[in-house]
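Structures for review follow.
What follows is subunit A paired twice: with subunit B in the first complex and subunit C in the second.
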Partner chain A sequence: MKSKQEILEIFGQVISGPMNRYVSEWKKSGKKVVGYYCSYIPEELFTSIGVLPYRIRGAGSKDSSVADAYLSARLCTFVRHSLALALSGELNFLDGVVSMNSCDHIRRGFDLWKHKVKPGFSYFISVPRVQDDRVLFWFEEEMEGLKKAVEDHFGKKVTPEGLKSAITLHNRARILLKEVLDLRKSDSPPLSGTEALTAAVASQLIPEPDLIPLLEDFLAGLKKSGGGKPARARLVVAGGELDEPQFIRNIEEQGGLVVADDACFAVRSFWDLVPENGDPWKSILRRYLFHVPCARMVGALDDRTAFLTSLVKDFRADGIIFQRMKFCDIWAGESHNILWRMKKAGIPILVLDREYQVPASGQVQTRVQAFLESMGK
Partner chain B sequence: MINKQIPDSGPETRNLKLETIIVAGVDIGSTTSKAVILEGRRIVGTFIGQSSTNPTKTADEVFQKALEMARAERSQVRHIVGTGYGRAKVAFANENVSELSCHGKGAHFLVPSVRTVIDIGGQDTKVISVDVLGRLQDFGVNDKCAAGTGRFLDFISGSLGLKVSDLGHYHFDPGEPVTISQMCSVFAESEVINLINEGVPLASVVKGLHFSVASRINSIARRVGLAPEVVVTGGVAKNPGVMKCLEEKLEVKLQSLPGDFDPQLIGALGAAVIAAEKVNKSA
Partner chain C sequence: MAILGKERFEDLEAIHEGITGMLDIYKEDPASRGLNAYFKAFTKLVENLCRPFDDKQPVVWYNLGMSPELILALEGVHNIPLEAYPALQDIVGEVNFTLDYIDRAEAHGLPHEVCSVDKAGVGAVLKGIMPKPSCILGVNTPCDSQMAALQASAELSGAPLYLIDIPYLYGEREVEYVARQIRDAIPFLEKHTGRKFSWERFREICLRANGMSENLLAWNEYRKAVPCPQISKLICLMVPLFITFAGTETGVVTAAELAAEARERSERGEAAVPGGEKIRAVWYQDPVWFDLQFYDWMESELKMVIPMDLFGYHAPEGMIDVSSRESMLRGLAHRFIRVMPMSRQFKGPIEWYLNDYVTLCREYKADCGIFAGHVACKHAWGGLGLLKEKCREIGIPLLVFEFDMFDPRVTSAESIQDQITQFVNNVVLPRIELKK
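Then we have the complex of A and B:
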């Protein structure tokens, strides 16, 4: 059994750049990997036919200029850096890429994938912008198209049995991550927010058969280890794209402890399970369309506010740090709505803009410190 | 200003009963570094120096100079609070506190009725809301860039061939203000030069600049809220043109600091006040 520290080291290596030891082994054994953007792409579809779903990021890119040449100055740095990796060949281990209409930035990024990176397989799906049974058929039709394209390209049939065992695997990983999350409710959690995000991000880059034993050991280690020292303030980090634990570390270095993270790559990616009874394909699609909504979903502000408020309450947080990538339109609008709602509710909130791959500036440190001071911490 | 008794300022500072206690605040900013020495409620030493690439050394120097003015020894100083961007580099400080809290406390020390502090500094424009004790409640900082800061006016006055301190004077010459549309300081500079080349009167351009600064501040201030009294600090508070535009935009009456107190010292003063409170609390 591996110790908490050993596993954190492994996870830390896994998230530091595009390639990791598990994907490398996977490829060596002749198996395929498909990269995808966003939490609306069903991982179980790929897992069921032995293809690894790998969540695309920009970690490891130092300079995005090769991608900038083709992208508007208004595109976010997450998309830029992920495309920079792709264009410079660092994502060549991907046998395909699947993207969607999450936002216009990712759409334009997909244009580049298609025309400049030219992956062996690429597919774009249109995901409805409302969480409503009325449009479920649309989502199902889109996903049917993806399923057929995947079957044709990889020469394997998606079966109910395959989907069922994929559901079990992915649910197992989600349950373990939720148990880790639960430990953060305690007065002195056995892990920092930095460590928790490291584990959550790594989980989306490691094949489930390798991941599950790691998460099991991680959880067991955490349960045995004592809590950290009491924090100056307990915080929930919210917002859009967030796969950089360094950002959380900058907050925690000011004395805050991040106890929950309502963000892409974090809680939103593992919160909802797929029901294990019933038609597996239908259960998967329902879970993905109706999971904790991204700000791209229209009319979901009440749900998101309620979800965030419940995290603040359940994790006994003193305040919220809401982060968004610069130029992210979807989360820019959201940050304002949430700011005013939380102000009204009397929950302290700090909104921070950030750029991908940019370590904390003095400005961020000052704001976080002042935020803690304003809460009397 | 030195050795002047500051009028009584609210419940918490009134509790600074240890009249002979000496404390210090050291504010290491991006441009200047400041130190303030308090003895009880009296400001007995201040110093403003240029920041350098060695903040630890600069902190030491400004502290030493302020001590000399106060005729005090280091060993007499009971508690030191560091603040400003270089706050973590003030090696001899007992603790560091963000400049937002310090500006709130410093302004409150001088103007006890203050609830909102607008600090227009070199790199940052801050809007700070404080409670009756001067404690930080909420804040907003310019997040786009240097537009709307003192540095912006400094930089553009240079390209107009003016001293930044003269801008306020031109504001009151006749001429309708122009609209400066560029957000970016660098692009705004070329826009301003174009306007001058087209023959637009200098007063109109200067007024336009002042309104653009006031607009930036207005958007931050309205997000934070503008409870009276509203006090403006920072070098730009000395520009009557900007103050007039701000009053128009914010629709509130603005207060300046008591006339002879250098607004650049507010952060260091607030740090010293926090240091004094610490000593009093533990006494």
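Then we have the complex of A and C:
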């Protein structure tokens, strides 16, 4: 059994760049890897046929200029860095890419994947911008198209049995991550927000059969370990794309403790389970369309507000830090709406813009310090 | 005209004075038939913005990714595009009011990278000058910034919002999907406006929408003539016209006037550019709405004309088959996906954007292209690298500059003039000389 610290070191290595030891082993054994953007693309589909779903990020990119030449400097740095990796060949280990209309930036990024990177397999899904039963049929049709394309390309049939096994595996990982999350409700959580996000991000880059024992050991270690030092303030970090634990560390170094993270790659990616009874494919699709909604889902502000406020309440947070990638319009609108909803609810909130690969800026430190002080902490 | 302006808002008065001032100048000018047609339509738009304050009839807000045919089919309902107020203010009113709307939205927490058009819309809502809506109808085109503004406006107004999801691709399946959602929007509109949707009325509106489209298609065709018979700025004003008046008599008449002027001038061999055009450019992005005189300068100083731009191009897929209810819904779906300027080019794969550019350059015999990079148009900026490659492939030089179509504080008209002048003198004219 590995210790908490050993596992955190493994997770830290896994998320530090595009390739990690588990993907490397996976590839060495002749198996395929498909990269994907966004939490609306069902991992279980790939797992069911023995293909590893790998969530694309920009970690390890030192310079986005090769992507900037195509995408300009007006697109978000997450997309630019991920495309910089792709264009410079650092994601060549991917046997395919699946993207979707998450946002204008990722959509334009896919144009580059198709025209310049040219992976062996690529597919684009049009996911509805509303979370409503009236559009479920469309989502199902889109996913049916993806399923068929995946089957054709990889020469493997997606079966109900395979999907059921995949659901069991992914649910197990989600349950473990939720148990880790639950530990953060305590007065002195046994892990920091930085560590929690490290684990959550790593979980999207490691094959489930390797991941689950690691998470089990991690959870067991956390349960045995004592709590951390009392923090100046308990915080929920919310917002859009967030896969850089250094950003959380920067907050926590000012004395705040991030007890929950309502962000992409974080809680939103593992909160909802796929029901294990019924038609597995339909259950998967329903779970993906109706999971905790991203801000891209128009008309779901009430649900997002309710989820965020429930995190604040359940994790006894003193305030919210709402982070958003600069140039992201989807989360720009959300930051405005959430700011006023939280103000009305009397929940302190700080809205921060940030850039990918610049997680530890002095500006963030200063603003977090001022925010903590404004809360009397 | 209905009671206006000072009695209610100085903002409206600025627009009203701007339009009446323009009409005073141009109404007797036989060479300004198209421009006058616009001003008359804009006068009507001001009336539309005011009337709900007086008649208390229900109002439906909608965003610029769609045209109003569906809303118009509910009798006694006002259709107000969210962006209409600030757009009019920018084009014919007092630009400082627009800047005030933008600043209000930013001060209220809407990040500055959101499109100024959308920020100005939200600012107008914040200022309380928009007639309060019964509900909001939206489409998720042309961009994410629109969605930010749409949701912020819904939040600020408290009005219920129905979104028609426009998918990524365009084909029969996509049209069916959108048509189904348009049908589903009807009970939503009826419920919140308290008005009945009339299929017969919808049919008449679709016929008028077709009439407008026929005229716009003819207009587009006449502007292909060399020399271009009509001034450049007429093209860039088509978007507010289409968004507000598609399906109305005003839309038909205005489009007919534009087409007629272009045809007559073409038949008489008249050119838009005084002394004859030297350069034809396809303006492929947002117009300089904050200073329409910019286009006059381009024509008189550089002898450069814009026969077509991205805002003025009317796609041929817009004709609505009125033979049945289903065919009308499908016709409207075609419009939403594939006709609305920007939505057409930006919503789907990059090929849509590149192909239209190549088509416009070819059909309008462009010597050069101008990528007028509105700072907030991320989907356009995100396609810039591939557009540049396409330009090299077809041998058409491209100028790229950064500005804000609503906000001269980002890049002034003078600065844009400098960049275009350098481009024309150092790149375009020498290439034209070489070809001779």
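Definition applied: the second predicted complex is superposed on the first by the 375 of 377 C-alpha atoms of A that agree within 3 Å, B and C clash if a C-alpha of one lies under 4 Å from a C-alpha of the other, contacts with A are read in each partner's own complex, and residues count from 1 in each chain.
Convention: a contact is a pair of C-beta atoms (placed from the backbone, for glycine too) under 8 Å apart; a residue touches a chain by one contact, two chains touch by 3 or more.
On a predicted model such as this, the values are computed, not experimentally measured, just so you know.
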Tell me which partner A:66 touches in the superposition: subunit B (first), subunit C (second), both or neither. neither
Between subunit B and subunit C, pick out the one touching the greater number of residues of subunit A. C
First (subunit B), second (subunit C), both or neither touched by A:353: both
If you stack the two complexes on chain A, which partner ends up touching A:329: first (subunit B), second (subunit C), both, or neither? second
For A:19, using the defined touch cut-off, is the partner it touches subunit B, subunit C, both, or neither? Pick first, second, both or neither. neither
Touching A:183, do we find subunit B (first), subunit C (second), both, or neither? neither
Tell me the contact category for A:374 with respect to subunit B and subunit C: first, second, both or neither. first
On subunit A, the residue positions that both subunit B and subunit C contact, one per complex: 339, 353
Contacts from subunit C onto subunit A in the complex sit at residues 108-111, 113-115, 138, 140, 143-145, 147-152, 155, 161-163, 165, 167-169, 173, 177, 181, 184, 346, 349-350, 375-376, 378-379, 381-386
Which residues of subunit A touch subunit C in their complex? 69-72, 74-75, 101, 103-105, 107-109, 111-112, 114-115, 124, 126, 128-130, 134-135, 138, 141, 296, 298-299, 301, 324, 326-330, 332-337, 339-340, 351, 353
Subunit A contact footprint on subunit B (complex, rising order): 85, 97-101, 124, 135-139, 141, 143, 223
Show which residues of subunit A lie in contact with subunit B when the two form their complex. 339, 353, 362-363, 366-367, 369-370, 373-374, 376
